[in-house]
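Heads up, the next two complexes both have chain A, just with different partners, chain B and then chain C.
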Partner chain A sequence: MNGFWWSLVELSSGFLASDEREAVLGDILESGDSGPRAFFGVLGLVVRRQAVAWMNWRPWAVLMAVILPLGFLLSIVSHETSDGSAIYIWMYANNWDWALTKNPGFWRFLGETSISIFFTYLTLGCWSWVAGFVLGSLSRGMERVNGWLLCLILMLGELGAPRYFEYVIEYEHRAFGLARLFDGNRVVFDVAFYRVLFPLIVQVVLVALPALWGMRRARSGLKAGRFVHLAIAITVIVTLLEMVTHEPSFWLFVGPRITGLYPQPAFWNPILHVRRLLEPIQYWPILFLMAHALRKRKLKPVVV
Partner chain B sequence: MNLHGIRFLTLSALLATGLSMGADQGTVRANRQPAGQRKAASEFALEDGSGRQISLKDYRGKVVLLDFWATWCHGCKLEIPWFADFSRKYRDKGVVVVGVSLDSDGWKVVTPFIKTAEIPYGIVLGNDDVAKAYGIENMPDTFLIDREGRIAAAYNGVVDRQSVDNNLQALLSEK
Partner chain C sequence: MLGEFEYLILAAAVRLGEEAYGAAIREEIEDATKRNCSIGALYTTLDRLEAKGLIKTAMSGPTPQRGGRPKRMVRVTAKGVEAATEFYATVKRVTRGISWEPNRAGIQS
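So, the complex of A and B:
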């Protein structure tokens, strides 16, 4: 069997439970089957196992309650983040002039911009990690499939985001009386890099990779006391609340289209006030990962 | 990820970058209106931080860069060093930069900002009437006004620095 077919066999066998996977790969090596035969054999087994798994309500609940809403929400926030930061990056990268550095305001604004972009990216990365952590905790044997499904939803969300933003403009026009059309900053988005490639980079680096990392971390389990588990559960819930209230319009995407009702700012203001107070908690994955790394180092056996 | 995977991803990224660079639509720049088609800029009389009244008509005979901004508008703030640079470069040739702040908290927030940012050009406090007259709905918004007091170019959103520079030079060379 050549390397290409073996890669396909390895990839498809990843959807099987780890013990079954090892047994299947061992059997293939011993049998000396041809590449296509081995691949389609494994694929058939994967399809049968998945068909059985999806007869249960649990994967459907995870799909409907976690993967779909969080996947779409993250891709929308990712698009917003990339568009927002693209403007500032363009202003520096595409308009750089050493003469400007002599201006006292230049360094101040550069500092402010860098900090602002850093925290926006950090927030998106933490949210994605938490979404992956939640998904990994709920997946139970379906991690690989759910990981792929999340990536698929993120990709669909990336394509659907412009349609969503059209809706938001309409919503904000009705609720807040804002202008319907804003064609500003075209100078930035006429550059294909900022319009096409940059949102993809942001989504891969700040959403897909942290989410898959979070899933992996959840899968490897956590050996800790009841208090730590409770603290993690609370911070996860707070972070999820931060995420779902970040884009109020997102949850009304279907509602107003059916009912014609557009909630007024008074409805959202108290919610937005509370979420502002809880904002620092959303960075807990950093503390969690640092604590985990320190603990791991501490437990490492000393070789004399 | 193995070496093949990394190579594949790197090649894909390079290809996508190349394709996206090649697919540029060409940067949109605010076109300078031909002199005969320009409309008169709305007159205003607004106060600066010292209480001195500044009117647009005071600058007749000069080229005016009129910038609508606010302290909460990040893109507006990033443009300020560009405009400061234009002000220094073209002040003696007849360019005046005027920043119209549309902060609803007024001088309370604008004065400390001007001090820390060391803005070298004039800042006045705008109002709804001026914003409406210039059709300001989102910021930043920038206008280039010729020596006759007519709008020669309007930029909605962040400006293309080179385009503004070129247009300023062209307006200065108009008789």
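So, the complex of A and C:
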């Protein structure tokens, strides 16, 4: 069997449980099957396994309650993040003038902008990691399929997010008489790079990759006490709440009065204060990964 | 009542004894039937037989000749032997008095 077919066999066998995967690959090697026969054999097994798995309610629940909402929400936040930072990047990259460097105000604004963009990116990366971590924890043998499904939803979200924003703006215009479009930034998004390629890069680097990383981390398990598990569960819930309350337009159709854009009822203010207080918790994946790396380093056997 | 393929797997596993595992069973079935036996059909049928309690499977340790990969070893249970015996007896009963030689009355070529 040549390398091409073997890589297809390995790729498709990744959808099987690890024990079964090893036994199947061993059988194929031993039988000396031809490339196409081995590939279609494994593919047949994967299809049968998936057909059985999807007869259960659990994968459907994970798809409907986690993959679809978090995938679309992350796509929307990702688009919002990329569009927001694209304006500043365009301002510096497409309008660079060395004379500006002599202006102290330029450096101050550059510093403030860089910090703001950095934290926006960090937040998006952490949210995506947490979304992946939640998905990985709930997948139970469906990690590979769910990873692909999440990527598919993110891809659809990438196409759908601009339509979503158009719809929100149109809705706001009709319902509340707000301006339809703010065209001041049109010059930025007339450049194909900022309109098409940059959101895609942000989506891949700050959403898809951290989410897959989080899934992988969840799959490899966590050897820790009950207290650590409880702390992680609480931080995950807080992060998810931060995510869903971050995007005001996400709640637009639930109740315009609690979106933050419009007059808010009194009960919403304390919620916003609590949200602000809990904001630092959303960066917990950084601490978690650092603690994990340190622990791994500590446990590494020393070769004498 | 067993299916035909289930019976073939049980028979192959009993014939192979201690050496019954995925690839060996597959080879045994292909040799006997002169037909392809797909990995998908084999593994899902092994699962079904195990769920019915007719076989027990376990992963072996790593095997050097298979690139260090384990084998899924198969052992037929007493219930499996009983089911296969019953299937064979049924086939024998239903075939009694019939000759499958061509050119006999009732058999069209």
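Quick note on the criterion: the second predicted complex is superposed on the first by the 273 of 304 C-alpha atoms of A that agree within 3 Å, B and C clash if a C-alpha of one lies under 4 Å from a C-alpha of the other, contacts with A are read in each partner's own complex, and residues count from 1 in each chain.
Here, contacts are C-beta pairs under 8 Å (C-beta built on N, C-alpha and C of every residue); 3 or more make two chains touch, one makes a residue touch a chain.
No experiment lies behind these values; they were computed from the predicted model shown.
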| item | value |
| --- | --- |
| Touching partner for A:V42 - first (chain B), second (chain C), both, neither | second |
| First (chain B), second (chain C), both or neither touched by A:L272 | neither |
| Chain B versus chain C as contact partner of A:A224, first or second or both or neither | neither |
| Touched partner set for A:A233, first chain B, second chain C, both or neither | neither |
| Partner chain(s) touched by A:I286 [first = chain B, second = chain C, both, neither] | neither |
| When both partners are placed on the shared chain, which of chain B and chain C touches more of chain A | B |
| Touched partner set for A:V188, first chain B, second chain C, both or neither | first |
| First (chain B), second (chain C), both or neither touched by A:E22 | second |
| Partner chain(s) touched by A:E30 [first = chain B, second = chain C, both, neither] | second |
| Footprint of chain B on chain A - complex, ascending | 7, 87-88, 90-92, 95, 97, 99-100, 103-106, 108-109, 112-113, 116, 178-179, 182-188, 190-193, 195-197, 200 |
| Of chain C, residues touching chain A in the complex | 21-23, 26-27, 36, 38-41, 43-44, 59, 63, 65-67, 69-72 |
| Sites on chain A touched by chain C in the complex | 19-20, 22-31, 37-38, 40-49, 52 |
| Complex interface listing, chain B residues touching chain A | 4, 16-17, 20-29, 74-75, 77-82, 84-85, 116-119, 137-138, 140-141, 156-163 |
